[in-house]
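Below, each structure is written out as structure tokens.
Across the two complexes that follow, chain A remains constant while its partner is chain B and subsequently chain C.
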Partner chain A sequence: MHSSIVRIQNVFGFFTTVAFVVAALIAASDLIAPRTPSANVAVKDVQVVRGRPHYYSSKKEEYAVIKFSLSADLSSLFTWNTKQIFVYVSASWPNSTSTELTNEAVIWDTIITNPSADHLQNIGPVAMKKLIRSAKGKSVDPSRGKIELKNQKAKYQITAPTGKVAETDNVVLKVHYNVQPWVGILTWTPQIEFGGWKKVKGGVSKVFKLPALKVKKEEKKA
Partner chain B sequence: MLSALQNPRQAAAQILNFGLILSTAFMMWKGLSVIADSPSPIVVVLSGSMEPAFQRGDLLFLWNRNWFEETKVGEIVVYNVKGKDIPIVHRVVRKFGVGDEAKLLTKGDNNVADDTELYARGQDYLERKDIIGSVVAYIPFVGYVTILLSEHPWLKTVMLGIMGLVVVLQRE
Partner chain C sequence: MADQLLDQVRELAEGQIDFEGQKLAELLATAVLATVGAISFIVGFFLQDIKLSLYIGLGGTAFSLLLIVPPWPFFNRHPVKWLPLAGTETKSQGILVDGKVVG
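And then the complex of A and B:
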């Protein structure tokens, strides 16, 4: 009962039990921290153009190019257990048969890392050094999590499986986020409020309509 | 070990004990599979396509039942490409339609392009049945052991050798 093998086994077993309990406590601490995010998104410009899904494809599809402005305050989502916040703006519109928003496509996204996860970001070595140096010593900079974009061009041009998006009605832009913890449950924009976690204040744009296909001036002349 | 051979009853009890431990572990795995409705409810991240969220070696817990709402845009899902056996962990970026026939498009956070290139020939979108679960919880680093074992198979023989040695030495 006192051989070294048994001692090692006992220590290892104790280590795993403690690690498990600590991880569970850290994950549970996420539930206590209150969240009060707010966002304001508005469409600035929208065009529908013809294009190909990629260079070699022979399909011609219609793509919606959306420019928007976004001002959001997600700083309350950052806790000691946050690894990163994935913020994304999506355009959603209903099918012609119902009013439910049955089509949704992400037009823009960004990743905001917690300073504890800055070293994992996919940026070059110089920018990385700058980022780590600027975050040194601070718990979480209160300006991290605040987004101010004016006239931002969408990252992704969206289309529908049918290939036609011109003149689609009742389109809205919505702001969502996904909190990735260091340990524990991943959470998304809540649909219901519970405890200290509030829904995103604002976060939905006014309804707009996708315009008709943009015709090139040369074609018009011909 | 020699003493065990002299006592067949003890040897049989040991083998039975070992078998019980193995089958309990297997049953727990399969039970979790049934509860989560996924063929593989716990996966290890193999690639860096979702950095900085997931690094290689992280453990992900999957849930495949849509109790409150359907799989929606922004969720991180695990799917197998038709015909291939490699699970891919990416985020849903587009969804058209509702229910089981809804068309889903995925993309890794760290990839520039979406997953259209990864899908099978002629397949432009995923359907709900292609997805084997969405990520609900996450533990860092724990799964790195399985990556080490699969990439360096000699480690497996070394580990088995050490375990065998420990069993033999314990008897004496």
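And then the complex of A and C:
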């Protein structure tokens, strides 16, 4: 500590250590926050059409166009450490060649930001102002986790590697989420209830009710 | 004249402090930064605001740098007592070499 430079080095070195420890504590604080998401998704309309993967492809493939309704409550996922939540709806059906594998394709997704990350949203200046004003004064806004979509058009038209999806049985829409924190690890929809996630009982992370394994009859659009 | 100015600047930039001051600087660095870290986490956790945590942390670190890095006077309260230079001391015993008094 004999000269200014040495003092700067020591202080900065300890600062990085402190920053790391605080970040680790913040990430760990997520583990004690309960997560109880719930969602309800239903298919409203589905069609299978023929189309090209790219403008210049020579082969035409079959694509499924799905319209759905989604009602979800992901508000418990928003903590002070949540930066944004990526929610996506996928259609999945069993693979004809294997009993373990399933085909799964995403039909719709969205990013929900916490107010602390609003400035990162990819929207125009007017929408941005509206977004920031909607959460004025709040640092965490769990109400953004409530999603109500009626007859939502799919963002993506899906197909299978074989190029044929018409008349596929046992298709199911699933809702997934990915919590992206400010500090910490990325977490997705849990497949098993993580006992360590909650210390006390009650942090059940219900994935949601599958719209009862629907057997979709898809007609080829002429 | 410029030499003297340069010397002053160099002394300031070097920022030498005495040993007791160094001990104090080390103690301050650990205590202040650890406290700042604790406060930033606790305040952020109870107010559920991570941006606040970040600002407190960075602000506290800037404050600690300001407090510890410059050679403030309170770091120099125990200057080292150097012995007087050789040659100016009145001859007392002289130096003994092999039993004989030399120089």
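Some points to look at:
Here is the rule we go by: the second predicted complex is superposed on the first by the 185 of 222 C-alpha atoms of A that agree within 3 Å, B and C clash if a C-alpha of one lies under 4 Å from a C-alpha of the other, contacts with A are read in each partner's own complex, and residues count from 1 in each chain.
The definition used in the following text is that a contact is a pair of C-beta atoms (placed from the backbone, for glycine too) under 8 Å apart; a residue touches a chain by one contact, two chains touch by 3 or more.
From a predicted model like this one, the values you see are computed outputs, not experimental measurements.
With chain A as the common reference, chain B sits beside chain C without any clash. When the two structures are aligned on the shared chain, A:116 is found in touch with chain C, with no touch to chain B. By the touch criterion stated above, A:37 is placed in contact with neither chain B nor chain C.
Of the two partner chains placed around the shared chain by superposition, chain B is the only one that A:86 touches, whereas chain C remains out of contact.
Contacts of A:18 after superposition on the shared chain: chain C is touched, whereas chain B is not.
In the superposed model, A:145 makes contact with neither chain B nor chain C. Annotation for chain A, partner touching more residues between chain B and chain C: B.
Within the superposed three-chain model, A:182 lies in touch with chain B and with chain C [touch as defined at top].
After superposing the two complexes on chain A, the closest approach between C-alpha atoms of chain B and chain C comes to 11 Å.
For the contact definition in use here, the residues of chain A common to its chain B contact set and its chain C contact set are 3, 5, 182.
The touching residues of chain A, counted against chain C in their complex, run 1-5, 7-8, 10-12, 14-15, 18-19, 21-22, 25-26, 29, 79-81, 116, 139-140, 182. Note for the complex: chain C touches chain A at residues 13-17, 21-23, 25-26, 29-30, 33-34, 36-37, 40-41, 44-45, 47-53, 57, 61, 64-65, 68-71. Against chain A, in their complex, chain B makes its touches with residues 51-53, 55, 68-69, 72-76, 91, 93-98, 103, 105, 109-110, 114, 116, 124-125, 135-140, 166, 169-170.
Against chain B, in their complex, chain A makes its touches with residues 3, 5, 23, 27, 53-54, 83-84, 86, 88, 90, 95, 100, 102-106, 109, 111, 113, 117, 120-122, 156, 158, 160-161, 176, 178, 180-186, 188-189, 191.
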